[in-house]
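Two complexes, one shared chain (subunit A), two partners (subunit B, subunit C).
And then the complex of A and B:
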């Protein structure tokens, strides 16, 4: 499958230790910014019940689903315990000219 | 046509109906709150829950010690009453809040209190974690929500028996024996995923081992005192669990995708709010379950203008609940329709699943 870099947002569109949602080609993504200004990207929907993670809570490198407390490490996509049992898919990010790009499938 | 009782099982007729009518895992109404404010409300901290848990444990130790000291005299009664309520009733809210992971910021603190409180309220932690997850996905959706305590028609006898946790404890013992043998019911399989089931079997065995140890201690001491401290408080002190629990949804609409119409927010006194960890703000809790208990009063202030009038007291809520449940025994189609403020957006009632006669 061809890999494409997508211009997702400006660096400042995401607050420190926060998440925003982003849609491209019918696919929902979640973009994260850590306290030390690193940027990460995962699928936008919780693997438990398809709730949008962009309404959730970021604590350090954990994203917590706003509905059922499903928790994932967004740097690796790893599910951190029930009710989240399936890992999140992650996407590579790159910073260019003050913008965040993600590498989609 | 006479209405017929609905099928509240998770694997029956109304379960299929709920899916067909788009009520399963649906989108729910949510009051509008900007992201920054919501982040502030969801923010975790250990402080409030550490303080409240320290008070709770101190009160448990003091009342339990008083009960033991005065054992054999009538003076032990008030001590065990306090101990029982703290152990058998307020463990419910501790179980609940830590199950949501919102009590503490530190994860292991949530988990530790979750397992301890689960035992105190005599609930199996894995089963109930998943059943409560479903309760939040499909709140009071018939055939989907495993935690509807007042189905229509309501079972008044069971509600009364559960004031002393009699039916619920009997059911838990029966379930523990089944789970300890490595089996689960079809109902439970509907909401507990395969990969989590080993925990159910392991914890059932641990629960039975603890209960056996308490029974052995009673035999050795020739006294029920050990059981008065571990096990029995769920029964003799559990009445507030039902007293609070019934106020949450009983008598309100089923099959509506709007927590303002199927949940109650009630103004309660500070003692109740301590025991219940602010779950009297129940609309707020259901609409935004990741907001910790200590932030619910702030959340209430922000959304109250978009919600029905809160009940001014627990008594006021019961003035509505008791006649409603009694009427539903005769007329299961009856329910209390909450009135939204003028101009508030409402999710329409879904009539597709209302009392279809059995085929």
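And then the complex of A and C:
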């Protein structure tokens, strides 16, 4: 199990209420930090048109796709606004030694 | 509840009606054989993707079955009888309504010159299917109109390996909606890719494979495509005696001159209190969606005023354009240089209120700031111009102010 945890970034690589992109093994992920310093991870591409979500805007726990403003709650992956209607896949995160780890498939 | 028109606006209205608590029947009548589908790709990927094109069903239409929305495609509504509150179908029969929504959209405008019927236009999936076969490699497309449709078609034709000559009656591209500096950058990109422009031209005739200018010059190619704007579909509304003025006129609740009939999307000229006291018509995917949803809620009793900030995008080659609000209403402009290749303009009115924003360049550079700009416009914000220009400061911090 241990080898599935991937070291994704440092805590400060993501600003508060923001998102960054991260790639591992050909897979794009989006990593989020909330205003109260919680960290989340989802698939990196919007389920509508495969656009990189890391270029979108984070408001509270909602990420908006940069292209058509499809919305997702990144804490659950739930699609919150059309045109996106398929939920985002989420991944567990863990903080160790000032770094964010994600549990990949 | 009846909705006439099965485009983006109609689909959003049907879902919103149900979500706002309307438990009775909802029927959506559309003349097309498809239910609501996504039209933005018609001028872009749908033409250039190698796999055979398919309609992309809109997110709302995928929920019709679950929400009990009845879709009646291939169905033409012949007449509305506002006194009796029913519609008559072309195929015979009538259907009563409690509230009716007109989401009839717009059709491609034709040039008023002989032979204009030879020119192809783009509104529907079928139009795109036809164009796909004619814009291919080696061909020479003559495109009339330097608006979004014309330019996106030009970019698609070039991408497919074709040649393009583009004719525009005015002296510049995108005169209606895009600030001139950005339009000029778009022109340069097309020119760099080999598109030939003729500005300030008037046509005297169109043939199947050529256009003849009013100075007698003849330009020959393989296909003529016209993208000279859209005209609202108002025939049903006019016949029903509703008020029309460049669209079906509505108040700020999207209600027409008949209190049981609403209109939204491309066919509607609505009052938008934030921008004007005269009816305005917007042609945008996002406005169609948001007005559809608002009309649905109001038909279910919400009594909500329109507060949508118009927003749209275009893609040509690797250039991404987004416009929010109404830059035309601005008197001063503040530029935010995002990167070497991406610029953003804020347009402020005489009182310093942000009324529009326009950005051109890379999607990844401009998307966040444009979304923030849209929210600032919605709030009638009067941001400090220095802060707008300060690239080092996150624009989002202005939302907290």
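We adopt the following convention: the second predicted complex is superposed on the first by the 102 of 105 C-alpha atoms of A that agree within 3 Å, B and C clash if a C-alpha of one lies under 4 Å from a C-alpha of the other, contacts with A are read in each partner's own complex, and residues count from 1 in each chain.
The rule we apply is simple: a residue touches a chain if its C-beta (ideal position, glycine included) is under 8 Å from a C-beta of that chain, and two chains touch if they have at least 3 such contacts.
Just so you know, these numbers come straight off a predicted model, no measurement behind them.
Superposition model on subunit A: subunit B and subunit C are shown in a clashing arrangement. Of the two partner chains, subunit C is the only one touched by A:52; subunit B is not.
Look at A:69: by the touch rule set out above, it reaches both subunit B and subunit C. Of the two partner chains placed around the shared chain by superposition, subunit B and subunit C are both touched by A:83.
With the contact threshold set out at the top, residues 48, 55-57, 64, 66-67, 69, 82-83, 85 of subunit A are in contact with subunit B in one structure and with subunit C in the other.
Considering their complex, residues 18, 48-50, 55-57, 59, 64, 66-69, 71, 82-83, 85 of subunit A touch subunit B.
Across the interface of their complex, subunit C is touched by residues 15, 17, 48, 51-52, 55-57, 64, 66-67, 69, 82-85 of subunit A. Against subunit A, the residues of subunit B that register as touching in their complex are 25, 38-39, 42-44, 100-102, 105, 126, 129-130, 133, 136-137, 193, 195-196, 288-290. Here subunit C touches subunit A in the complex through residues 12, 38, 58-60, 62-63, 286, 289, 311, 313, 363-364, 367-368, 371-372, 394, 396, going by the rule given at the top.
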